[in-house]
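Handing you this structure, nothing more for now.
Chain nomenclature is as follows: A, B and C, assigned in order of appearance, with residue numbering initiated at 1 for each chain independently.
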Amino acid sequence: MISAGPSGGLIRRAALVAAACLLASACNRGILEPVGPVGQAEKTIMINSTAIMLAIIIPTMLATIGIAWWFRRGNTKATYMPDWEYSGAIEMVVWAIPALTIMLLGGIAWIGSHDLEPSKPLPGTSPALKVEVVSLDWKWLFIYPDQGIATVNQLVVPAGTPVSFRLTSATVWNSFFVPQMGTMIYTMPRMTTRLNLQADKPGSYNGLSSHFSGDGFPGMQFQVQALPPEQFAMWAQGARGQGTPLDGRGYAELSKPSSYVKPMIYGAVAPGLFDAIVANRTPSNPVPTPQHNRPVPGSKA
Amino acid sequence: MFGKLTWSAIPFDQPIPLITSIVMLLVIAAVAVWVWRNGWWPHIWNEYITSTDHKHIGIMYIVLALVMLVRGFADAIMMRAQQSLAVGASQGYLPPEHYNQIFSAHGTIMIFFMAMPIVIGMMNFVVPLQLGVRDVAFPTMNNVSFWLTASGALLVNVSLFVGEFARTGWLGFPPLSEKAFSPGVGVDYYLVALQISGVGTVLTAVNFVTTILKTRAPGMSYLRMPVFCWTALASNLIMLAAFPVLTVALAELMLDRYLGFHFFTNDGGGNSMLYMNLIWVWGHPEVYILVLPAFGIYSEVASTFSGKPLFGYRSMVFATLAICIISYMVWLHHFFTMGAGADINAVFGIASMIIGIPTGVKIYNWLFTMYGGRVRFTVPMYYLIGFMLTFVVGGLTGVLLAIPPVDFVVHNSLFLVAHFHQVIIGGVVFAVMAGYTYWFPKAFGFTLDERLGKAVFWCWFIGFHLAFMPLYVLGFWGATRRMQHIPDPTWQPWLNVAFVGAVIIGLGIVLTVVQLLYSIKTRDQRRDVTGDPWDGRTLEWLTLSPPPHYNFAVLPDVHGEEAYWTRKQTAIKQDQLIEEPDYQPIEMPVNSPTGIIVAFFASLCGFAIIWYIWWLAILGLIGAFAVFVWYAWRDEHEHIIPVEEVRANARERRRIRMEHLHELSQST
Amino acid sequence: MTTASEAPAIGLTHGGSEDTGLGHRGPESKSIVVPYGFWLFVLSDMVLFSALFASYATLAHATDGGPISNQLFDRNLVAIETIALLVSSFVCGLAMIAAKRANMIWTQGWLLVTGLLGFVFLSIELFEFAKMIGEGAGPQRSAFLSAFFTLVGCHGAHVTCGLLWIGTMMAQIWAKGFQPHIMRRLLCLSVFWHALDIIWVAIFTIVYLIGTLP
């Protein structure tokens, strides 16, 4: 049993992260290898829709080649119909084929849009973990309001637990995207977007910004670590009080433009920081001293 | 005195733009001197620069577009090279500040100064001929439109060696494009260049809608117009209604940047989502401006080279107008991931799919045009078939993107990039290459070399697929667009294949130039003697190649669809031409330097605004206004072509036609 | 030898033929084509104003804690402006009637009055703008004000162009008389001037009337 004291927690956390990175070195195939219900549903829709459309398009492409070849000028066996330019039956069919296909796909689109609406909470037995996301120039800040900690360029989540995101941007538009988890969503200054995702199994997944945001944009990669729930709780508990606090001064420091930022942890966060960022009020109050013996919400006792 | 402009604006410390600029200036100077030494400047001034002849204005548009194609392609191959090199530890050879300008310039140039001019150029050349009239409704305004477009292109190119270009992508979304995050002149170059050329585009739209609806040959009712004219009408209607929205979006951004307004800023209550909506309300119809005339070209090519009328003419017309209208109802599919909610996303997604229906109908109608025909595999036909195979896949990926939950995972990815290049290259570029080959003999009196033309086709077809199929895969793997550095080394082989594809496309572009030069050198072997080298079906093939300035000695009477075809078949059957009509003197508009002078002042004013040189901007405005007034004061609007000249030209045409009457048929 | 039934098919009959459906006599004359083209331009201008209206509607409540429309607009001034512009439209019509009768004095006179009324409109508008800016309610204060100044200002810019055009036309008519191309331009000018009136009615309603509802 590893000690739950501060230094033991740090080592434990580092070991977890290292192991997760090793797992991730196997090449990942993005949205084709979803790890959660959202990404899985989206992949299914994509494959089904592609199959439906290929069923129409492949015969059309073959017909194009076939007809062009058969009716080539040199082919005396083909019938030349120089005045044939209309057929009601054919018109009905050529309007019907695309129309029926689109009706089918339209139904899929309607149902899919509602089922997979990003702001819709995911069904689940465990209560959702709340994460607040802020895109800065040019890194990602993840605030855990219930745990009282924050991370930069590293998102740690409990596996099998829905994660409920509120997102904003401190400067320009970005787009929060973890391909293997599914849906992306824009982050926009002075506005809050909502997203719900879940990683079903532990692992390490790549994250990025998928909306160009300036010169430091390529450096906005981040890692998502999905840990078993108990380990997540221990990680969160152990992170409290570590490192610098994310108060007014800490946030001002973080806001300075930088890119390819190494993952960081803030052991304390000014309360209401996310809402202050949305309202364009930089926080000025220092962070209240964390109380180490209070259990972290969401962890098992 | 000179606003923000200082010597530091010239990129002495950046080798790539510096050397490129020097080379470009040297090439321009060399060409200018070569033209002068050959004594061609007067001819170019009279026949082209000040021309009010739609044919010559069309040629100028196409030349501008081809030059800008080289510039835009150079940007593309630089991007491909960077993405192949900048993997893992390597940062490649282009730092982000530079790479970001390159992809922004690539998109801006390809859409606004390559695709738009080349499509507008084709419509300029062909539409009045197909309508059986002498010119567009407003010939001088046509000239002005061209020069305003050229002025925009000029400013974009000037940004290469004076200052910098925008680093915000080709649409310049705020807040990134606001002063706070893009303080340099780059975004201003972008905004000013587009506003100036946007005026030209709206004037073109007014011109062509008026021409098509109000000036056609006697007897040519709407349902007797060639399909290319219908698609030109639809395209120009979209231009007329969409470009003012772009003007507003860009103007509001300019007001934010120059006067501190708060349309899209992060403070003061600004709303950056408003820009997204405005720009895409323009942006989606814009792509239909490009693709509808492309569809029109395919209709002409399909029927001519199958030796049959176009299948389902009325269906095609209806489909064209349906696309025209629905194109205004889909714009939100460009930002499904902005969080508008399920209902709104779903409605726009379904609307976006609905536009696939008339498009699908067109594909089938072209298929049935070939069915029962006698297909000749000329270069334009290659492009038609290449298009039909390529575009439908682009349509498939488009419908996929129209499904919001799918878009949620591929939005802004390389999958998206592959999709829109597929439909633009497969749709617009192939059509333009087909149209270029098809109408070249009409413009210049000789056909292009076939073998080289087919080689160009294969370079484009193979090159396109190599360059973009890997991008679909990478998009699935989580690769997003506009990346100066590639995070995952396993992507590199695919990016290398894409680079090879780009090189092959480059080879195709080089071969296009080679084909042109070789065809000019050997033109006597491929003279278009009769004016109808392809056994055509529409009125432009009635004239000799190139046609006289006034196109037709007497405006042709049109009875029934495919007026020229019926007339030709009757003449062949009866072995004689129609009765010689009465010739009259013909009034044609005079040339005018208004266009180039207005564009000069517009460029001056634009440059001044970009660099905050206010006295020069005001001077430019005053100059432009003065030119208007000076133009309005002229008394000579037209010159008369004497009836003897008309009669002599017409009789020569009739003599040649009679002599070669039976050679015109190629389907039997 | 062509038979009578073949003649139509090969175009031997001239214009206005029987089987053209909607019928078409060939290209229309300049007196139809020029105003038609100008109408199309006016329509595109209406789209431009629609986009400005859409921006205004989106940003109408984005006051950033600053002044709101209720506090800013003076209905009396707006009423005078509106009357000036509406009367100028009427007077412009009188100028057209005089021009059709080739009456130099009355044409120039009514055009002058049109221009003066337009100038009155602009002066009141500029006065209103200056007053608002002086009170700290300039376009840089908030998104709502940016949208207001742009929408109303764009209309004002169009009126200014119209005034320049009126001046130019007055000079042209004086120098060249009532030639056909001058008359066509005058027609386009009057279409433009009336269209500006229509836009003003929309602005007046959406911005000033609705904006000053209690």
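One rule holds for everything that comes next: contacts are C-beta pairs under 8 Å (C-beta built on N, C-alpha and C of every residue); 3 or more make two chains touch, one makes a residue touch a chain.
Note that the structure is a prediction, hence the values are computed from the model and not measured.
With centres taken as mean CA coordinates, the chain nearest to the overall protein centre is B.
Between B-C and A-B, more C-beta contact pairs are found at A-B.
For the pair chain A and chain C, the distance between mean C-alpha positions equals 50 Å.
Between chain B and chain C the centroid-to-centroid distance comes to 31 Å (mean Cα coordinates, whole Å). Each chain gets one centre point, the mean of its Cα atoms, and the points for chain A and chain B are 37 Å apart.
Residues of chain C found to touch two or more other chains are absent. The set of chain B residues that touch two or more partner chains comprises 267. Contact residues on chain C toward chain B in their complex (touch as defined above): 2, 6, 8-17, 19-28, 32-34, 36-38, 40-41, 43-45, 47-48, 50-52, 54-55, 58-59, 62-64, 139-147, 149-150, 164, 168, 172, 175-176, 181, 185.
Per the touch definition, chain A reaches chain B in the complex via residues 27-32, 39, 41-43, 45-46, 49-50, 53-54, 57, 60-61, 63-65, 67-68, 71-73, 78-87, 90-91, 94-95, 97-99, 101-102, 105-106, 108-110, 112-120, 171-173, 175, 177, 179-180, 182-186, 188-191, 193-194, 206, 208-219, 221, 280. Residues 96-97, 100, 167-169, 173, 175-176, 181, 266-267, 272-273, 306-313, 315, 335, 337-339, 341-343, 345-346, 349-350, 353-354, 356-357, 359-361, 363-365, 367-377, 381, 385, 388-389, 392-393, 395-396, 399-400, 402-406, 408-413, 476-485, 487-488, 490, 667 of chain B are the ones touching chain A in the complex. Within the complex, the chain B residues that touch chain C are 133, 137-138, 202-203, 205-207, 209-210, 213-224, 240-245, 247-249, 251-252, 255-256, 259-263, 265, 267-271, 274, 278, 281, 555-560, 563, 566-567, 570-571, 574, 578-579, 625, 629, 632-633, 635, 637.
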